[in-house]
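Below is a structure I'd like to ask you about.
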Amino acid sequence: MSVSEMFIALQSVLTADQDIREEIRREVQALEQTAREMLTLLQGVHQGPGLQDVPKKCQKAREHFGTVRTQLESLKTKFPADQYYRFHEHWRFVLQRLVFLAAFVVYLESESLVTREAVAEILGIEADRERGFHLDIEDYLSGVLTLASELARLAVNSVTAGDYSRPLRISTFINELDSGFRLLNLKNDSLRKRYDGLKYDVKKIEEVVYDLSIRGLNKEATGGAGGEK
Amino acid sequence: MSVSEMFIALQSVLTADQDIREEIRREVQALEQTAREMLTLLQGVHQGPGLQDVPKKCQKAREHFGTVRTQLESLKTKFPADQYYRFHEHWRFVLQRLVFLAAFVVYLESESLVTREAVAEILGIEADRERGFHLDIEDYLSGVLTLASELARLAVNSVTAGDYSRPLRISTFINELDSGFRLLNLKNDSLRKRYDGLKYDVKKIEEVVYDLSIRGLNKEATGGAGGEK
Amino acid sequence: MSVSEMFIALQSVLTADQDIREEIRREVQALEQTAREMLTLLQGVHQGPGLQDVPKKCQKAREHFGTVRTQLESLKTKFPADQYYRFHEHWRFVLQRLVFLAAFVVYLESESLVTREAVAEILGIEADRERGFHLDIEDYLSGVLTLASELARLAVNSVTAGDYSRPLRISTFINELDSGFRLLNLKNDSLRKRYDGLKYDVKKIEEVVYDLSIRGLNKEATGGAGGEK
Amino acid sequence: MSVSEMFIALQSVLTADQDIREEIRREVQALEQTAREMLTLLQGVHQGPGLQDVPKKCQKAREHFGTVRTQLESLKTKFPADQYYRFHEHWRFVLQRLVFLAAFVVYLESESLVTREAVAEILGIEADRERGFHLDIEDYLSGVLTLASELARLAVNSVTAGDYSRPLRISTFINELDSGFRLLNLKNDSLRKRYDGLKYDVKKIEEVVYDLSIRGLNKEATGGAGGEK
Amino acid sequence: MSVSEMFIALQSVLTADQDIREEIRREVQALEQTAREMLTLLQGVHQGPGLQDVPKKCQKAREHFGTVRTQLESLKTKFPADQYYRFHEHWRFVLQRLVFLAAFVVYLESESLVTREAVAEILGIEADRERGFHLDIEDYLSGVLTLASELARLAVNSVTAGDYSRPLRISTFINELDSGFRLLNLKNDSLRKRYDGLKYDVKKIEEVVYDLSIRGLNKEATGGAGGEK
Amino acid sequence: MSVSEMFIALQSVLTADQDIREEIRREVQALEQTAREMLTLLQGVHQGPGLQDVPKKCQKAREHFGTVRTQLESLKTKFPADQYYRFHEHWRFVLQRLVFLAAFVVYLESESLVTREAVAEILGIEADRERGFHLDIEDYLSGVLTLASELARLAVNSVTAGDYSRPLRISTFINELDSGFRLLNLKNDSLRKRYDGLKYDVKKIEEVVYDLSIRGLNKEATGGAGGEK
Amino acid sequence: GQRREEKENVNPSSAVMVSFKSFQLELDTRHDKYERLVKLSRDITIESKRTIFLLHRFISAPNGGEILNESEVKLDGVRRKIKQVAQELIGEDMYQFHRAISPGLQEYLQRSQDFSTSNSHDKQPHTCSLKVTPVDYLLGVADLTGELMRLCISSVGNGDIDTPFELSQFLRQIYDGFTFIGNTGPYEVSKKLYTLKQSLAKVENACYTLKVRGSEIPKHMLADVFSTKTELIDQEEGLS
Amino acid sequence: GQRREEKENVNPSSAVMVSFKSFQLELDTRHDKYERLVKLSRDITIESKRTIFLLHRFISAPNGGEILNESEVKLDGVRRKIKQVAQELIGEDMYQFHRAISPGLQEYLQRSQDFSTSNSHDKQPHTCSLKVTPVDYLLGVADLTGELMRLCISSVGNGDIDTPFELSQFLRQIYDGFTFIGNTGPYEVSKKLYTLKQSLAKVENACYTLKVRGSEIPKHMLADVFSTKTELIDQEEGLS
């Protein structure tokens, strides 16, 4: 093979690579669009009457996840299965966002933390690297951290909407999450930075709980919320 | 044509271009001066008694827009109409600032979002690219985002001034704006970055509303403000 | 018109803009591919035997320019004619490269400097801003400067290939070019910086001529080359 | 005069210049040491009990200014009076810092903005360029901007220390300063950038005042502070 | 004096300063234009027949210096005499270039190094700081270093033009210059860096002389050149 | 020890460190001055008659090394003996230059490579780290590389001066040096970069030898040089 | 092209070649040692960071010996590495390899100070034969303030309202100290001032928030707060 | 300051805590592997560089088995390290750790190409289970051209005047190849174009010099040159 033939071959490899990236980018854009729609839908819970139709919003979100699964299914076909990390950067961001959305829906439905396996199932991908297109653990954790700050915001808006019990339950939930994260040895990377933000979310929720407790609203809440939930 | 004749011809083209830029720069400086004066005028609403004479401030600002229109009129004459984007960078920044000022005045007057068409009219330019010196859509959006952070500040200062109803109305307005922006698929980097800031403005305003709610001041507000508005 | 209706309208404008950019990018990529092929072709003149088939290479390059014209023709249709400068950045680089290629071919054919009008004709575009998709003066100059450094390299390699007359002719040409550039009052920073490089090209070529002179090879050359040219 | 004699003469000029710079550097180092000591002293006001002995701290700082005056007096003697701008860079930074310190002391004493003339007097230098070693206007403005951010910090720490009236007064002061700066048409890049920071200081202080207002602490403050001031 | 009155006063000072800078910039542009014309004129010596009419070129250049003197005279009037170093950066570059041009003319006329005093006289300014608008020593040295690299180029081109004696004389001159510079203890970074370039000029010229020697052309030269000079 | 006492202690350590550095810098400046004088002295060998009084120049240089030894003796006393590498950067450059000067003198005297031990002795320092202020191996090698490029220049100038045997001897010497350096595994640091330059020196000398040999001057040389040396 | 004779070879046993062979050995030995130190430094950094995380866990949930044991094990590992570094440096000028080991040492210092601030069992610094330069020490201290800031925010989140005030006091002293040193130190130290200022601001803001929200207790249902408090104290006692 | 109750502790055996414990293990394992690979990559880089130096020595003084043996030993070391890398990556997605191993691999590639260009004994690439990405390959090639340029300059210095012309041919082909790829590859590749252009210019200048100086032979004492040449050839034969 002559030098110039070799470079022609190399260029065709590079071009193929670029084409793959182009296709991946297109798929990712579609995913981002769906994610944005879900986000708009779920943002509704922060506004006054929004907390009432949580179940309906969750149901609608679940339908969107059907679209997401189809889109991810299509994404998988765009590149060789064993080169996940070669193209990881392309979908990393949107996958973290989808993890957050799944975790938010599951939290709103059952006030529990979605497991990595459960998110993978909701998104129609694998939890385990060996088995195919999977959910990287750092992306899962990153999505969970987004949930934490969304819940801090929800605690604030629940009070505005007159629901005094939810902040207390959020507080318990977030404390457990915080303890979980404390177990991890994070490097000085983006996850570590985002984890530092969790402390502020915990602090914010603690302040809401404090505001409720000094006004005795926490008891009222505990009473009232029992029936609501 | 000899090489040197050719270069002499080229130089005369270059000189003409430099002269145009010089003139544009002068016009833009005058616009910046007017914009700065309007800003000082409107900043008054953040201070104690400022909220009372909002109408008067708006009226004065409207007068300044007369000057702006004259200055923009003059700017238009400095370059061929079809070379808007050749010189766009020169006036981009001041135009975004003027959009913000117009949007702020309109909000203070009617608590509504100024449309692109309306801003264009206030500034005496076109909303439509084909019709001449126009308002680029990204510049419009950038000005609107500045409005959002100004309103977050206004929410805070309204409470200080004892007006407890305004933050609630600002909250509704900003939520609508946020949903609007979520409809957009922003590619432009600087705009996207500025849009990320909107999230903080929304949160800030929600916290103000929370502070009012937990102290029961929001009810008080709705009562008192009904008449005020 | 509600806020959300307004933003839907804005999004459609933004989408249209993004689509235009996407299409332009595709056309530019095709142009870059052609330009790269021409470059590889013309770089052949630096190879020992390459100087022999200069005419053949030039002819082939001329054929490539046919492709270039078609591609530029297609590029023009992708956006409104009066928005040249809105999208200028997209094709600026490839256009400079094409100017260089045209100037190189013309130099190899006739040892003269291609005029801006002639380049425009080779590329099938306008020399004059008012008449449509045109060749910006700075892009023309930038391409010409690239020619200068290519000729410095050619002077060296001509000697290696045993052609002692070419460097002398290149030297005269480049000196004329240098005088031409000195007539310009360059403000554009990137162009000015590139112009500073011309000085080194001039010096390099002078040193080649010196090496030939001191060995009496310049006389030999003038003799032999008279018939060759 | 031979070349070497000429260069020997030149070297003696260069040496003289280097000696001047060396001496200036030494004086500036001494000034920096004094400035650092004053800073450590005045930072004490942020400590809980620090606000009590503000008068004592100011008095001590005033004594340090005696040292500063002596040091500046010595600095002046190190170079010809008409070469201020030749060596400006050497003392620029420390002079800005001293302006800040003077402005801080004056604010703490009288809650007013020190004028350029007054700073010059405190430092024992001229306000007026023509009269000798003077205070450059940009250095004065830069020092004043440092004051603004120090006051933002002071507002926060005053509240922590239980002084609820000070933030209100700081807010009024900083708003006046902000309006003042808006009258300027800043070209100097570094100053303009620093001025952009003022906006954040204003906002921070407004939020402190807000926090006090919503808890009714501002009224309490005005009552208590009336006598204090 | 209120804060706003104070800032209005400050603005008027700032405006005056900006106006001065604007005027200086205009004068400097005119100087640059003249310098560029002289450069084109003197560049002619590098080309074949150019060495013959050196005296005529020098005479013409001398006439240009008349224009330069008028322009510098005008520049001086634009700012107070004792603020030379406040605006030094504006004319620094063009002054270095003019020093080079003067040094080149003087070298071509008499093959000697122009003194600082002589340059100052040619430019119609002072050599001595105390006496007014003067020639800074570093700017003088910088211009002289430019002469060195111009002479390295001239040595090369002299050989091409068949003048074998000039390189030998240039070699002696440049060696003297190099020894002169080695007497200086340069601290100024940009000057030191440029001085490092002198080493290459010296080496280049030595290689030209070597090329002549090994071919016995240096003897031929000394013979032939004796009459020529 | 309180925190503030601790910082006072730390500052005094830092100040002491700075004082040491200041003193070192002063000593190094003196060394640089001596080195510059020696350089001017030895540069004489490149010029026409310079090659004749090599022995005298070497003797004078030897005297200068007396001064160097005294200055290095003084430098050693300025810092703790076991912290050589803490301050290494300060004297690294001048030490490399002194190594070069010593190596140049030794070469001129005996046409042999000075050993590390011998340089150390000439400079009055240690070759061995354990025994005190020593000569770092990389500094030694760096100085030797400077010698190589000085010899390349000397080869050129010897020919000009009519000494045709010296280039041949230099060639043998530099070839051995090149083989030596080839044994080293250099990191991608400044030494590696400087070593890359050696190849060009070897090439230059080879060219001189070639020029001599095609003219048969090498034999003449070998004959003539026997007596000369 | 024409081919010309290659040059004669250099005698491989000449004095020059012999000495360059010894230079080869010397340089290789030095580079190898540098490499080993870089690797040790990386290990020390990682293990020190993990120990810090461990301590944050301990502080937030001081439930016992398990974590302390684990941290002792980790610490032993780090100390072993440091001993290795010290051994590599026996008879050497440590400044020659300073760049290789500095990052690890700083991280270790930070960890060991963090530890001694929060755990009184172990206040004395570990004796190891390594000298710590004042600059490394200062940089370690500056890095420590970042961890303390995190601790402060966590404390507020955990309802602990004393720690922030204590920490703000301490951080302010460190900040004042750095201000006092200012630009007399090397660039790296003055560069830290900005980060330090930000950390301090976060802690001061936390204290401010605690104060402001604390100001409301007396006015709203004061009695209720007290009863809640008693209740919770009872609960707490029941737990312990 | 007032002290408030600390929050109740989180149950350490809750589902969340259990899964986070497993996350801890997974992350630590991954980071440890990354660290090991970084260290291996550093070793490979250093040893590859040393092998390159060895080969330059061989080329300039091809006096035998000693150097070739030494280089075989070194090569074995590098191959062992590469095998270790391959083992670490068994069952892994190599792109996950690409950043850790890429520098070492590039240096190794460069070395092995350098070797095969100059030594026909060993033309086939070593089989190891590592896949090399085209980008790493290109970067390795670009780096190789730097070494070849050095070789070219050395050749001229050693009086070898064929090698430069051969090398210039080869480098031009590589340069044309990179030009052809242009900006279709990632940024790192197009960034190399500039360095490559400079290396090529150095080689082209060397050829130019050879040509120009060669042009003088016929005119000056032509016979003498021939006699010298014969003389030297004799000498050379005597040596071999």
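Read from first to last, the chains carry the letters A, B, C, D, E, F, G and H; within each, the first residue is number 1.
What we mean here is this: a contact is a pair of C-beta atoms (placed from the backbone, for glycine too) under 8 Å apart; a residue touches a chain by one contact, two chains touch by 3 or more.
Because the structure is predicted, anything quoted here is derived from the model rather than measured.
S.K.: Enter the angle, 0 to 180° in steps of 5, of the rotation superposing CA atoms of chain C on those of chain E.
M.R.: 90
S.K.: How many angstrom lie between the CA centroids of chain D and chain F, rounded to a whole number?
M.R.: 50
S.K.: In angstrom, rounded to a whole number, how far apart do the mean CA points of chain A and chain E lie?
M.R.: 66
S.K.: State, to the nearest whole Å, the distance from the C-alpha centre of chain A to the C-alpha centre of chain H.
M.R.: One centre to the other, that is 42 Å.
S.K.: If you average the CA atoms of chain C and of chain F, how many Å lie between those two points?
M.R.: Computed value for the inter-centroid distance: 48 Å.
S.K.: For chain E, jot down the residues that touch at least 2 other chains.
M.R.: 179, 183, 185, in rising order.
S.K.: Name the residues of chain H that each touch 2 or more other chains.
M.R.: Residues 7, 10, 12, 31, 50, 61, 158-159, 176, 180, 216 of chain H each touch two or more of the other chains.
S.K.: When you check every pair of chains, which ones turn out to touch?
M.R.: Inter-chain contacts occur between A-B, A-G, A-H, B-C, B-D, C-E, C-H, D-E, D-G, E-F, F-G, F-H, G-H.
S.K.: Using the touch rule from the top, collect the residues of chain G that touch chain A in their complex.
M.R.: Checking each residue of chain G against chain A gives 49-50, 53, 56-57, 60-61, 150, 153-154, 156-159, 206, 209, 213, 216-217, 220-221, 224-225, 228.
S.K.: Quick check: in the complex, which residue numbers of chain H touch chain A?
M.R.: So the residues of chain H in touch with chain A come to 7, 10, 12, 14-17, 19-21, 23-24, 26-28, 31, 91, 93-96, 98, 134-135, 137-138, 170, 173-174, 176-178, 180-181, 184-185.
S.K.: Could you pull out which chain A residues touch chain H in their complex?
M.R.: Residues of chain A touching chain H: 3-4, 6-8, 10-11, 13-15, 17-18, 82-86, 88, 113, 115-116, 129-130, 137-138, 141, 175-177, 179-181, 183-187.
S.K.: Spell out the part of chain C that touches chain E in their complex, as residue ranges.
M.R.: Within the complex, chain C touches chain E at residues 175, 178-179, 182-183, 185, 203, 206-207, 209-210, 213-214, 218.
S.K.: Using the touch definition from the top, list the residues of chain G that touch chain D in their complex.
M.R.: 169, 172, 175-176, 179-180, 182-183, 201, 204-205, 207-208, 211-212, 215-216, 219
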